[in-house]
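So, here come the structures, one by one.
There are two complexes below, and they share chain A, which is joined by chain B in the first and by chain C in the second.
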Partner chain A sequence: MTQDELLAKMQKKFPKAAKTAVQVKDYLTVSLPSKDDLIPVAAWLKKEGFDYLDMLTAVDYLGPVDMKGYIRQANFNVFLPEGAAPQAESAAVAGYAYRPVLELVWAFVSMKDKARIFVKLEVPRDAARAPSLSGLFKSADWQEREVFDLFGVVYDGHPNLTKILTPDFLQGHPLRKDYVHIKDRYDE
Partner chain B sequence: MTSEAATAAIPALRSDQLFVNLGPQHPSTHGVLRVGLTIEGEVIVKAVPDIGYLHRGTEKLAEARGYHHCVVLTDRWDYVASMPNNLVFCLAAEKLLGVKATPRADALRVMMCELNRIASHLLFVGTYGIDIGAFTPFLYAFREREMILDLFEMVCGARLTYNYIRLGGVMVDVTPEWTAKLKEFLEYFKPKIDEYDQLLSYNPIFMARTQGVGLITAAEAVSWSLSGPNLRGSGVVYDARKADPYCGYENYDFDVVVGKEGSCWDRYFCRVTEMRQSVRIVEQVLAKLPEGPVMAAGVAKIPKPAPGEAYAHVEAARGDLGVHLVSDGGVSPFRMHVRAPSFLNLAILQEKLVGMKISDVIALLGSTDIVLGEVDR
Partner chain C sequence: MGMILEKLPGITKGMPGGDLILTTADALIDLGRKQSLWPMTFGLACCAIEMMGSYAARFDFDRMGVIPRASPRQADVMIVAGTVCKKMAEPILEIYHQMPEPRFVISMGSCANCGGPYYDSYSVLKGVDRIIPVDVYIAGCPPRPEALQYAFVKLQEKVAKMSLKRGLATPQQEKGSRDLTA
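And then the complex of A and B:
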């Protein structure tokens, strides 16, 4: 099944699912208009053979991180000697459409057709909610907990939405672009 | 008094539920994994894996570093098989940059990844034997693993964190002396796999401890998104090298090894058999190693890929390792997500451990072959 065939088949069932402007290179990427479409689309994909939830993540499009505090010596040219003046800075790129949204990404794989599809959904940063896929795919359990922990996305219907990677005392969601680390007893 | 009558005379045993901490510092957890077990007698009634002890936030660190720096970060995920880690990041970044590795670099990448797979599976064979109670195979497996690490040290100077596969190719070409040493090793190694079979695979005690234990059906394996030998042990034929070939894997002749029932022994035996297939691939690469440069031209010292997204995945030693990269056109990846096979392979434990005996916990935990560096990233 080619990408176009799959897209046509999907749009016949879900006319509002559109091909995204930025495609994940080499793979079909579709965006959903609202979070209510997620469960029907995932269930349909599962029925169509995409029964392997390969990956589930999020991207924060707020803007680049402030690298001060993350990196002691920012020297992006790895071929310069140690201590040399840095040649580039991690900074906002002019012309890139930064926006205050979290983009949720799911990747489904059909082992039979050797095909992969990326599904995307944009949610506002201050009300980041999406339905949980843990009822359809068992592997959504930990992956959704990871995104909840690192991005603060709440997955409605998840049986056990708790922190998984970061320690209990850690405040905030580290992979959000505006995350500021509060010094704790492990610093210094 | 007959024995039945004696049993009836004893009042029903009242057993309380007991909470047992397995780990975080337990030799069989292969790193810092804690499993909170609630047991009743010897039977597990609840199991809660607790991870995050090794969380170093590499996904966040990558957002403040250049693309060349990120290759170094990838080494620290699965530190017993880090060649595929280097490779998957480079493949994703190369897609963004529009660079293609040279044919010789591709062949060397395949060769190194397969050698690393053998080294990783040898570590598994050795430590899994220890988990089950057989100490001797460990010594044999590590003897051979040491030779592969020596080969890696010869070519790139490092034994575990290689940083060998770089954007656009590999760090350095192999020398004729190295190739000769590799051929010597392959000839030495091939009969050794049969030795492991005699020592461990068909050992009656080992088989009794692992066959029919920790059964994972194909449907469960797919639903929990297992990958690698854990998925194939359940009889599902899926291998990224065949399904989505990269680095010219379509040109090599090898079989995808699958198990029958998804028991601990099946997962174990998949890995042992995979070593034979890896030897086959390495021999084919050696036979038709193309000449030419090992680094593609045109990789900038400070790469700035055009805005876009790319996903690359490879069949690493532990399963399907993927990297999702988003670029905003800057000098660092705007977002890097790692699809870590160990993380997903571990998640199934909370369901599978329930109802098992304590002694089988180690058998199941060991057979999933997780590396905590990759689970926590």
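And then the complex of A and C:
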């Protein structure tokens, strides 16, 4: 089954699923209009042979990083005069579509067809919620916890949505662009 | 044993007739202590690869009496080889407190010294000396096995100066490890 055939088959069932302008490598990349479509699409893909959830992750599309949270000394070149322009700067790239959304990405693999499909869904940053796929794919369990830990996306229906990587005393979600580190007992 | 016997004439005095030697307790204890520095077997990051290289045949740490032990209760030295994450800080303290005294710590590589390239990270401890007293620091990212061996030579020099009268702790150890509950 070629990518076009798969896309046509998918769009027959889910007319609102659209092919994205930019693909992930050469794989078929489909964006979903709303989070209500995710579970039906995933269930349909699983039935069609895409029965292996390769990975899931999130991308933060907010503008440049706030360096406050990461770099104490923006100008690390000690030979520059006082008040020189900071060398470590996270500048906006012209023409790039910055927007306050988190883009969630799922990759499904069909071992039978040796094919892979990427499904994308955009959710607002301030209320990042998505349905959990852990009911359909066991492998979603820990990866959804990881995305919850690092990006703060709440997966509805997850059986145990708790921190998985960062220590308990770390506040906030470190991979968010607007993350500012709050000093803990190991920072003096 | 050959090493000890070679060095004995310098620090002991043979009694006429054999059977007895005279030496100070400090010299004998320090001699034994510095020739058998047993490190705790654990590595945290890429520095651990260099540490394994030091143990292996090419650099052969065993010839210096450095034999890795699998339990902190049998170890004298802790080689902190790699990046210390904040989540790893507590296990390191626990291992340190399980080691019998006198215990020594070698901080290996930039990450363990001060955080290194991860200095501005949210999850990395900026130097293992923030939680436990360090005896010898090794610079490098990662340091060569020779550098680790040189650190052991320096630690041996330090151990050789220890005395029962002054107590078992080095000045760094007098400072003590950090009380995380405080």
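Here is the rule we use: the second predicted complex is superposed on the first by the 162 of 188 C-alpha atoms of A that agree within 3 Å, B and C clash if a C-alpha of one lies under 4 Å from a C-alpha of the other, contacts with A are read in each partner's own complex, and residues count from 1 in each chain.
Everything that follows uses one rule, which is that contacts are C-beta pairs under 8 Å (C-beta built on N, C-alpha and C of every residue); 3 or more make two chains touch, one makes a residue touch a chain.
Computed from a prediction, not measured in an experiment: that's the story for all the values here.
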For this session: Using the touch definition from the top, say if A:R116 reaches chain B (first), chain C (second), both or neither.
Result: first
For this session: Give one of first, second, both or neither to describe whether A:P174 is in contact with chain B, with chain C, with both, or with none.
Result: both
For this session: Could you figure out whether chain B or chain C reaches more residues of chain A?
Result: B
Exercise. Between chain B (first) and chain C (second), which does A:K138 come into contact with in this model arrangement: first, second, both, or neither?
Worked result: first
Exercise. Does chain B (first) or chain C (second) touch A:T166, or do both, or does neither?
Worked result: both
Exercise. So, does A:E48 touch the first partner chain B, the second partner chain C, both, or neither?
Worked result: neither
Exercise. Counting only touches as set out at the top, which of chain B and chain C does A:V24 meet: first, second, both, neither?
Worked result: first
Seminar exercise, completed: On chain A, the footprints of chain B and chain C overlap at residues 70-71, 166-167, 174
Exercise. For the complex, which residues does chain A have touching chain C?
Worked result: 69-72, 166-167, 169-170, 174, 179, 181, 184-188
Seminar exercise, completed: Per the touch rule above, chain A residues touching chain B in the complex are 22-27, 29, 51-55, 57, 59-60, 64-65, 67, 70-71, 74, 76-79, 87-93, 95-96, 98, 105, 107, 111, 114, 116, 118, 137-139, 141-143, 146, 150, 163-167, 174-175
Seminar exercise, completed: chain B contacts chain A in the complex at 51-52, 55, 57, 59-61, 63-66, 68-69, 95-96, 220, 222-225, 236-238, 243-244, 301-302, 307-311, 313, 320, 322, 324, 326, 328-332, 334-335, 337, 339, 343-344, 346-348, 351, 376-377
For this session: Sort out for me which residues of chain C touch chain A in the complex.
Result: 86-87, 89, 120-123, 125-126, 130-131, 180
